[in-house]
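Per-chain residue numbering starts at 1, and chain names A, B, C, D, E, F, G and H are given in the order in which the chains are listed.
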Amino acid sequence: MHKISIIMGSRSDLEIVKEAVDLLKAFKAGFEIEVLSAHRSPKEVAQYVEAAPKKGIRVFIAAAGGAAALAGVIASHTTLPVIAIPIETKSLKGLDSLLSTVQMPAGIPVACMAIGKAGSKNAALFALEILAISDKKIAKKLLCYKDDMRKKIKKIKVKI
Amino acid sequence: MHKISIIMGSRSDLEIVKEAVDLLKAFKAGFEIEVLSAHRSPKEVAQYVEAAPKKGIRVFIAAAGGAAALAGVIASHTTLPVIAIPIETKSLKGLDSLLSTVQMPAGIPVACMAIGKAGSKNAALFALEILAISDKKIAKKLLCYKDDMRKKIKKIKVKI
Amino acid sequence: MHKISIIMGSRSDLEIVKEAVDLLKAFKAGFEIEVLSAHRSPKEVAQYVEAAPKKGIRVFIAAAGGAAALAGVIASHTTLPVIAIPIETKSLKGLDSLLSTVQMPAGIPVACMAIGKAGSKNAALFALEILAISDKKIAKKLLCYKDDMRKKIKKIKVKI
Amino acid sequence: MHKISIIMGSRSDLEIVKEAVDLLKAFKAGFEIEVLSAHRSPKEVAQYVEAAPKKGIRVFIAAAGGAAALAGVIASHTTLPVIAIPIETKSLKGLDSLLSTVQMPAGIPVACMAIGKAGSKNAALFALEILAISDKKIAKKLLCYKDDMRKKIKKIKVKI
Amino acid sequence: MHKISIIMGSRSDLEIVKEAVDLLKAFKAGFEIEVLSAHRSPKEVAQYVEAAPKKGIRVFIAAAGGAAALAGVIASHTTLPVIAIPIETKSLKGLDSLLSTVQMPAGIPVACMAIGKAGSKNAALFALEILAISDKKIAKKLLCYKDDMRKKIKKIKVKI
Amino acid sequence: MHKISIIMGSRSDLEIVKEAVDLLKAFKAGFEIEVLSAHRSPKEVAQYVEAAPKKGIRVFIAAAGGAAALAGVIASHTTLPVIAIPIETKSLKGLDSLLSTVQMPAGIPVACMAIGKAGSKNAALFALEILAISDKKIAKKLLCYKDDMRKKIKKIKVKI
Amino acid sequence: MHKISIIMGSRSDLEIVKEAVDLLKAFKAGFEIEVLSAHRSPKEVAQYVEAAPKKGIRVFIAAAGGAAALAGVIASHTTLPVIAIPIETKSLKGLDSLLSTVQMPAGIPVACMAIGKAGSKNAALFALEILAISDKKIAKKLLCYKDDMRKKIKKIKVKI
Amino acid sequence: MHKISIIMGSRSDLEIVKEAVDLLKAFKAGFEIEVLSAHRSPKEVAQYVEAAPKKGIRVFIAAAGGAAALAGVIASHTTLPVIAIPIETKSLKGLDSLLSTVQMPAGIPVACMAIGKAGSKNAALFALEILAISDKKIAKKLLCYKDDMRKKIKKIKVKI
């Protein structure tokens, strides 16, 4: 089974990353999760990313904040798709994380999601959308998930 | 063959979108290109997106500027991956395009690239990275492309 | 009687939308309220908007945050006036909601109000100002409302 | 016939305002145009706005840049709808014009359009949408205009 | 004695304005304080500003937030110096207040201070600096105040 | 006669500062002009500012861009009023100049004008407004100047 | 022994500066700490900076917020390296502190770190990196410190 | 002799980097220059940085734009000081480059200079200030350079 790898730049990112994890669990998708830092453990990032394909990993999800180099550094070592979650920061509220993630130079793509929890959930969904191209089961589940969202929102009645 | 669909919100986006087109041509990837507007032709967008899978389309690339709703609207009609190119705007220089593209709500992912030409080229590369998961030829070409970039940069000698 | 339709992108927007609701109630204006998402229930948005004129709806108020496509998507399906309330977001504080709402392309106007509660109250007032053009009762009430504001502020005495 | 009043804060805004003027001419709408400054001729603004209803004016369009107080000042003197066009500025590119226009306090609504030419065209369209509620001719023309936009975009074929 | 007039756009600005008030009291300066809104009570602003010189007022201090037109509107009615305090806002944190205050058009100057409490204190100090040009007592007090600040900071010993 | 001192951080600021100079000349105000840098010639700034009162200088105008410390440094050496012109910068368009000028700490006020030419003209006008409190001739000229602006704008007729 | 001088613009910066202090203590580096304000005690800053080399000081660390002139003013009086910590501000969240610190004019370099605590720790580390060039003990400790970071991050196991 | 290494992320950065090169030449400092990309040639960056100390390199200068990871990646492989020049970008004008450079996480310091040419010149000066601590010749030259700047600015006479 194809697997998704989730890499966090810091343990403190787990609160946000949990959104992605919970969704992947709900889809019973194969995934693994690591704490690896582009700045504090660059060699471990390189080694991990290069060894990933043999373990069945087909998509990376990277979560980092501030001068968020992680997703770009992962992308520098692979041609597998890299999805990024910019983590909200205390002072600049994630604008720094967003710009340092999304403004990648030509040649090294990174797929940037929204800042924070919405971005985390969507990173998982987008990883599944990628795998769904060659995995009909996931494709079917995604259609159900989308349909459920639509039904849920239709049921809401606002009383005022 | 799996195909990529490129949708522009306006004909004026073509100058930027050309970067993606040229790269897809260089990779001999299957793709088609349309001008469809989330705001001026919303039904055509819905119809086109819903009919796309039967034509072999597996990935969307959407280019739009300002209140750039196009990628999100495409994503609202499909579970195929949607990649977005925020187009630079005259006054706010693409900050509006970027934020209205990347800050998607949980449930409807859009993969946002950099503003402008770098983002356009990377949208094409990212679409190919997605298709490469189940297409070994593309995967091989991507490795060559990456290796070429590395070699080119190694050859540069700066004389001062 | 002409009616105003208030559409929220998410139930969580109700706290802000309540400002508009309370003002419309105080004016005894006709209105209805729905939760409909440009991204999660796009067809329902289209159907609802197209069916609205027959129900007497003459103005739309749309509240959404983040990549806030809702007002623009409503405007893509109607030539009735659409007023937008950008909802404050956690990380970017509503700058994303504001830019994705206000920077509409030529041809599809959306009337953007301030971020959050002030914008919500003003959306209701602006809807009433529109209806007042052909409804003398509302016009009269608006003049009274404005006069009351002026009187209230004149009465304030600051002791220091 | 109901009329639209266009007020510019400075003669130099005419290049942008022309977009609105051209559209109103194409619709054969009744309108008049003035240069009046919230800061340099505040009394003239007050007098003009208060005298407007008797001349048949039902909607205001205000164009101003920088610390753009014009639309808000007009709104302070009337309960007719006020639509605003934030003009792009040299240094801050209209972000100043946008924020000083859109962030109105509760009680005094202003309908803010996009910065610059798109906003100018949309201000005219939005004024027409307002008048169309009680003017079937304008309503019909707006539907045609919208339909034409859709058709035009459908005809575009991109050759690559 | 020359007096300073402090005008607030809203009663809620008092918490910030208190910094200015306390400093003026400490200097035993003549001042008065009013709540007047550029948007909700524009005529009262005009009347008050025009009547001010006869009451001995020589400097205005204006505090407002959001689309903060107050200082500019005061300046439109007088050639006395107008000092502005941009009030912090909930969503945009006072960036809106700052830009709508400071970016005044040529011809109508407003002296903008920092956002919030520091700006409030400095507005009072700056008003005193203006009056001190023709009032030796105030000039002397300002020198003492400045000297005290210097001495206070020299006394601070950090233990670590 | 009371004099105004204009200090530029760099010779390249002269293009902007000329707006202030031209206005002071038109008012036949006493003024002198220097190039002094808070960063490159800090002692000369201190000496010049401290010697200024004896030369009759009563107001300072400081023009600087980027990390624009000049106005604040002048203010640190005097209790005379300091007016600042933030100069537009190449990359950040003067947002850096604006924030580093306006966000002064409590205790050391600086009166910030708009970025660029409008700010330069207004710095001169504001300096004159300060001197006018104790100089009836300047006060009279300012009233005429304001009245002329109003008349000029009233004469503008837009033909469309 | 070469020493590092830490200067804070205000006592309230100590909470942030403590990060630097704790790291310098852990490295047993020589340092001293002062509260000196570019705006409130400019002469004391000049005197302190000029006297510093004789006391063995070789590097400055300056912490300031808002219109943060401190690091630049220190740099104006010395050719020793000056490292800056932009302090987070209440309204603009340190964007003002960052831009007024980092955008120094050519000729007077300041080494800007991140806003807040991360920047404070890194200021201390960077000062040590500078001293390490001619101090093998510090150089060795820095290698150990870096290695410890890497090991710590490798040990983290995320359970989900 | 201790050497400075200048690394550019792209050949197109040379126009900006030339400012640093010219200054180092004027100081007759030892330096070398390379084009190496954090994203396109990550292994070459790692190898080059690790081999640098043996070649006598004691300071790095890194120039990069957009999602500017270069300086941070260099810093991840060394405990030598890393100075960064954020390169101005087309759309976001270098705000992206600045934030992705300066907002480094605790543990991995990068010394960020101003965006563009001023930052480039200052990067060279700051590298020399670092080397000057253990090199009296450079220290002396820096004092002369600073003194020359002061003299130059004192000589400027503005005629108006």
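Before moving on, here are some points about what is shown:
Note that a contact is a pair of C-beta atoms (placed from the backbone, for glycine too) under 8 Å apart; a residue touches a chain by one contact, two chains touch by 3 or more.
Bear in mind that the values here come from a model prediction, so they are computed numbers and not experimental data.
Looking at the partners of subunit A and subunit G together, the chains they share are H.
In terms of residue-numbered contacts, A-G and A-C present the same interface, as over half of their contact pairs agree; the other options in F-G, A-C or A-B do not. The best fit of Cα atoms from subunit B onto subunit D calls for a rotation angle of 90°, in steps of 5.
Centroid to centroid, with C-alpha atoms defining each point, subunit C and subunit D lie 18 Å apart. Subunit C and subunit H have centres, each the mean of its CA atoms, that are 51 Å apart.
Subunit H has its Cα centroid 43 Å from the Cα centroid of subunit E.
One finds 33 Å separating the Cα centroids of subunit A and subunit H. Subunit B has residues 37, 40, 66-67, 92-93, 95, 102-105, 107-108, 110, 114-115, 118, 149 in contact with two or more other chains.
All chain pairs in contact, by the document's touch criterion: A-B, A-C, A-G, A-H, B-C, B-D, B-H, C-D, C-E, D-E, D-F, E-F, E-G, F-G, F-H, G-H.
Residues 9-10, 37-40, 42-43, 46, 66-69, 72-73, 75-77, 89, 92, 95-96, 99-105, 107-108, 110 of subunit D are the ones touching subunit E in the complex.
Subunit F contributes residues 8, 11, 14, 18, 21, 33-37, 40-41, 44, 66-67, 90-93 to its touches with subunit H in the complex. Residues of subunit C touching subunit E in their complex: 88, 93-95, 114-116, 118, 149-150, 153-154, 156, 158, 160. Residues of subunit F that touch subunit E in their complex: 2, 19, 58-59, 79-81, 83, 98, 102-115, 117-118, 121-123, 125-126, 129-134, 139, 142-143, 146, 149.
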